[in-house]
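Mind looking over this structure? Questions follow.
To keep things simple, chains are lettered A, B, C and D as they appear, and every chain counts its residues starting from 1.
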Amino acid sequence: MPEVVVPIGPYHPALKEPVNFRVIADGEVIVRLELDIAYNHRGIEKAAESRDFIRVVPLLERICGICSHSHTTNFVKGIEEAMGLTVPRRGQYLRVVVAELERMHSHLLWLGVAAHEIGFNTLFMWTWRDREAVQDILEEISGNRVNYAINEVGGVRRDLRPSAIPGILKRLDVLEKRTERYLELLRHEPTTAIRFQGVGRLSRAQALEYGTVGPTARASGIDYDIRKDDPYVLYEEMPFAVVTNGHGDVYGRTLVRIGELRESIRIIRHALENLPQGAVRATPPRVAPRAEILSRYEAPRGELSHFIRTNNTDRVERLDVRTPTLANWTSVAVSLVGQHLADIPVVVAAIDPCLSCTSRITVVDEGLARTSVLTWDELRAHGIRFYREKEGL
Amino acid sequence: MKRGRALTGFLGEVARNLRSKPATILYPYEKVPVPEGFRGRIAILDEKCIGCSKCAIVCPTECIEMVPGERAVEVKGGRKILRKRKPEVHLFACIRCGLCEQYCPTDPKAIYLTTEPSGASTDKGIIVR
Amino acid sequence: MTEPAAPVTPARVVEAMADFGLVTTPRRNRVRIVVSRDRIRDGLLRVQGQLACDHVVHIAAVDNGSTFELHYSLTGPHRLIVTLAVAVPRDDARVVSVHDLLPPAGIYERQIHDLFGIVFEGHPNLKRLILTEDWPEGEYPLRKDWKMDPNRSYGGAVTEAK
Amino acid sequence: MTEVWLLVLYAMVFPGVLFLVIYALFLQYVDRKIAARTQNRVGPPLVQPFADVVKLLSKEDITPEGVDRRGMRAIPLLAFAAVATAFLYVPVIGTSPFAFEGDLVVVLYLLTLPTILLFVLGWVTRNIFAAVGGTRTVTQLFIYEVPFFLALLGPAIAAGSWSISEIMAWQGANLILAILQPIGFVVALIGLQAKLERTPFDIPEAETELVAGPWTELTGRKLAVMRLTMDMALVAGSGLIAALFLGGPATPWVLEPAWLGGLVGFGVFVLKTLGILLILALVRAGMGRVRIDQLNDFGWKYLATAAILQILIVLLMVGEVWA
């Protein structure tokens, strides 16, 4: 069979967000692939420069729906560092609780997506059912199921009611049992084993060379976790181990994520049982002095880094967001070559790509006089014309 | 051996699920329970509002608009003033972050989030007064 | 990721990189070195070779008005962050690409090129990454002086003012 | 049942096309309900499959540019006709009046036709996903078809007949073949699962890779007919396996009057097909999709070997008992 170009995306059932792969395949085997992620650009970095510290936090929360707490925590801790502000311990502990709950719901979501990519819909439904429990806890703590709106510069916006803690701990027990069940299932279920093992393999050297982060790196045996390496918000007080293994394939990444579910449960238990008393937030000054901060955070998908520059005003001069997905993309392109066409969804899913994070930056033209509401027909006509020109039809 | 146990565990769960109640609900007919402190639809308590515009300033989506609404109101300390404006919220631009409630100076809050879900509508321009 | 003979400490970084330019330690595990544009590859090679930095954390770009500033942040098994700050003049926004030294830098450089218009010389595939494909050429939205031109199309169908 | 109008009634209404369509929709409902309940969901209401068909029938019918309109429209209808015809030879109440020596072979070939037509469909619709899916369809056909045929050959050898009704009658006189030929039974079930392109064998239409495989360009009426065809193939296939391995609708004792016997036979048919569907549905719920190369390994290494082994055992047994 000659080489065929299989376009995957921007709209494709395997992708939950718009991205375009042009996969050049020889029969069923991938020869090469080209990547385009320019479908979701929202101009957030530019918009962040024009908002004060109160109003920018909800905006950053919307960089990504899954790791919303990661972006806000990373940002506010950067700003707090610039201001030299000390956040009360109780506030820090609550940040950790929400962060770990977020990690749990992200990993459970990922597990479901990975199962769905290989057509194992029962596992997909089960994990998402259990994820509901995590979101119920988050709803109880913050009032929202996603985009928790709990961070602000200086601390957290809501205190946790002491009466809610026993209920949360009980739910964690159930989740712990479920985690063990998934681990057992993934180790022994025959179809998941043959679809995950040996697929999308990255050796330790490759993982280092291509700059992978998060579970992708840890599954290749790299002990890289910002929570340990550059502790923030009192992670140095939390009992947890960095989960790594040497498989290097999708199976290894799955094991890492399930292991992290366990560790997250441990952290949340510890944090809730040892929750310090006192205030949950400090009053921040209105402006931040001139400073340059590289703020790093271990998001569910890996190391997230924000480069923040403040300049004696109540807004940032520059915010540069480097998301874990962008760091991991290069490794995907590498690990897909030579794999089967059927493995694209699962290998791509294995880094847990978050495209809304990665290509976050179209410009919202607020100042423009004309409205940008398009009718369906206009949009359709434009699309047809554009692609005619592009493809030279 | 371990594999066998894992698979019987799996089949056991399948069998249990066949018997047990579904985890999903038939949404519009059954309501989703919400916990205490749920952030729902925004509401305005007009008689308490002193027209300070703080909510409109902190709102990240700028969905709160201050419109003319002259009225005599009591501020802290029992003093009476004449307020000039009152807030109006574009409901479907509101992201229910609760910053307006947090920064509202009155007691009880003149602008606050209820625990009632916002729901959906075909009318994008619903305004909460 | 093998530890070099001497443990990498901020002091050691200062010692190793002193000949490049101003070295500051803004925080316990952050070291910032100002490097001139021509020596960025040497700087990275030095950091990789002598300081065992094998992971690029972030390549950040800032618009300072007359210059752009690129911050190459690297780390290694010592978990110390070494940042090389390079100033690039605005009217000659070119810098040599480091995609061969740091493979992940390729995609970051594409992103910066797209948003700031800095040209990375020697980059094999400096194509559009972030902006939509019908975004006009020569417009770089993250530059501070960038203003939207109401008479231009920035993607999507053009509608008349209502 | 020799009168012509009775035959027409049989072919068109019961247990012919009309019944087949209704029962196919019912089985689809059961299948979806089982899947939903294993996944802890509520699942569809009883009329949902019917509503789906009605909805699809009312949708816009698109033929891609440059595709032969008539040819593409003919494909789902041909597949539909093939499965409907195959079903006429599957015993539902007592034996089929169309039965003849060799109808087993006819049924097998008619059931293969939809798969071949899917490949053709993938090829003519000028869509890359459909083309890749079509290629996978045929590849998969080559893998499962041989073990599936071999597995169904077992009953024929044991009974010494190529007629489904004869094989059924033989089981009435002896034991049901699922007990006599358990390996063949299992291979046949796996083969049926693969033939119907259900997980773990839904490789040609793997949603997350190929959108819908050969089905990608099917819309409206064509999609409705094609989906109905696959559901009907499920009825025909499970009915066939019920007849060949589980004794079909035959009852071990003769019931009087004849209509009561027919009714009980029909009940037995429904029970057996539902039983087979339950197994197939649980397998679908409990597994992920395998890759085509992995299926190739599995099919030729294990499935074909098992089927051949079963045939050898059958030949030995037949030789011993009837020599």
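What to note about this one:
Methods note: a residue touches a chain if its C-beta (ideal position, glycine included) is under 8 Å from a C-beta of that chain, and two chains touch if they have at least 3 such contacts.
None of these values were measured; they are calculated from a predicted model.
Chains that count as touching both chain B and chain D, per the definition above, are A.
Here the chain at the heart of the structure, going by C-alpha means, is A.
Chain centre most remote from that of chain A: D (centre = mean of CA atoms). No other pair of chains has as many C-beta pairs in contact as A-C. With each centre defined as the average position of its C-alpha atoms, the distance from chain A to chain D rounds to 44 Å.
Inter-chain centre distance (chain A to chain B, centres taken as mean C-alpha positions): 25 Å.
Averaging C-alpha coordinates per chain places the centre of chain B 42 Å away from that of chain C. Counting partner chains per residue, chain A shows two or more touched chains at residues 122, 126, 129, 189.
Counting partner chains per residue, chain C shows two or more touched chains at no residue at all. Residue numbers of chain D whose C-beta contacts span two or more other chains: 38-41, 285-286. Viewed as a contact network, the protein chains fit none of the simple shapes, being neither a path, a ring, a star nor fully connected. Each chain pair that touches appears in this list: A-B, A-C, A-D, B-D. Residues 1, 4-7, 12-14, 28, 115-123, 125-126, 129, 189-192, 194-195, 340-345 of chain A are the ones touching chain D in the complex.
In the complex of the two chains, the chain D residues touching chain B come out as 34, 36-43, 282, 285-286. Of all residues in chain A, those touching chain C in their complex are 36-39, 41, 43, 45-46, 81, 208-211, 222, 224, 229-230, 291-292, 294, 296, 303, 305, 307, 309, 317-318, 320, 322, 326-327, 329-330, 359, 361-363, 365, 367-374, 378-379, 381-382, 386, 390.
Looking at the complex, you find that chain A touches chain B at residues 51, 54-59, 62, 122, 126, 129, 132, 136, 139-140, 142-144, 147, 149, 157-158, 161, 181, 184-185, 187-189.
Within the complex formed with chain A, the residues of chain B that make contact are 2-3, 5-7, 9-10, 13-14, 23, 34-39, 58-61, 95-99, 102, 113.
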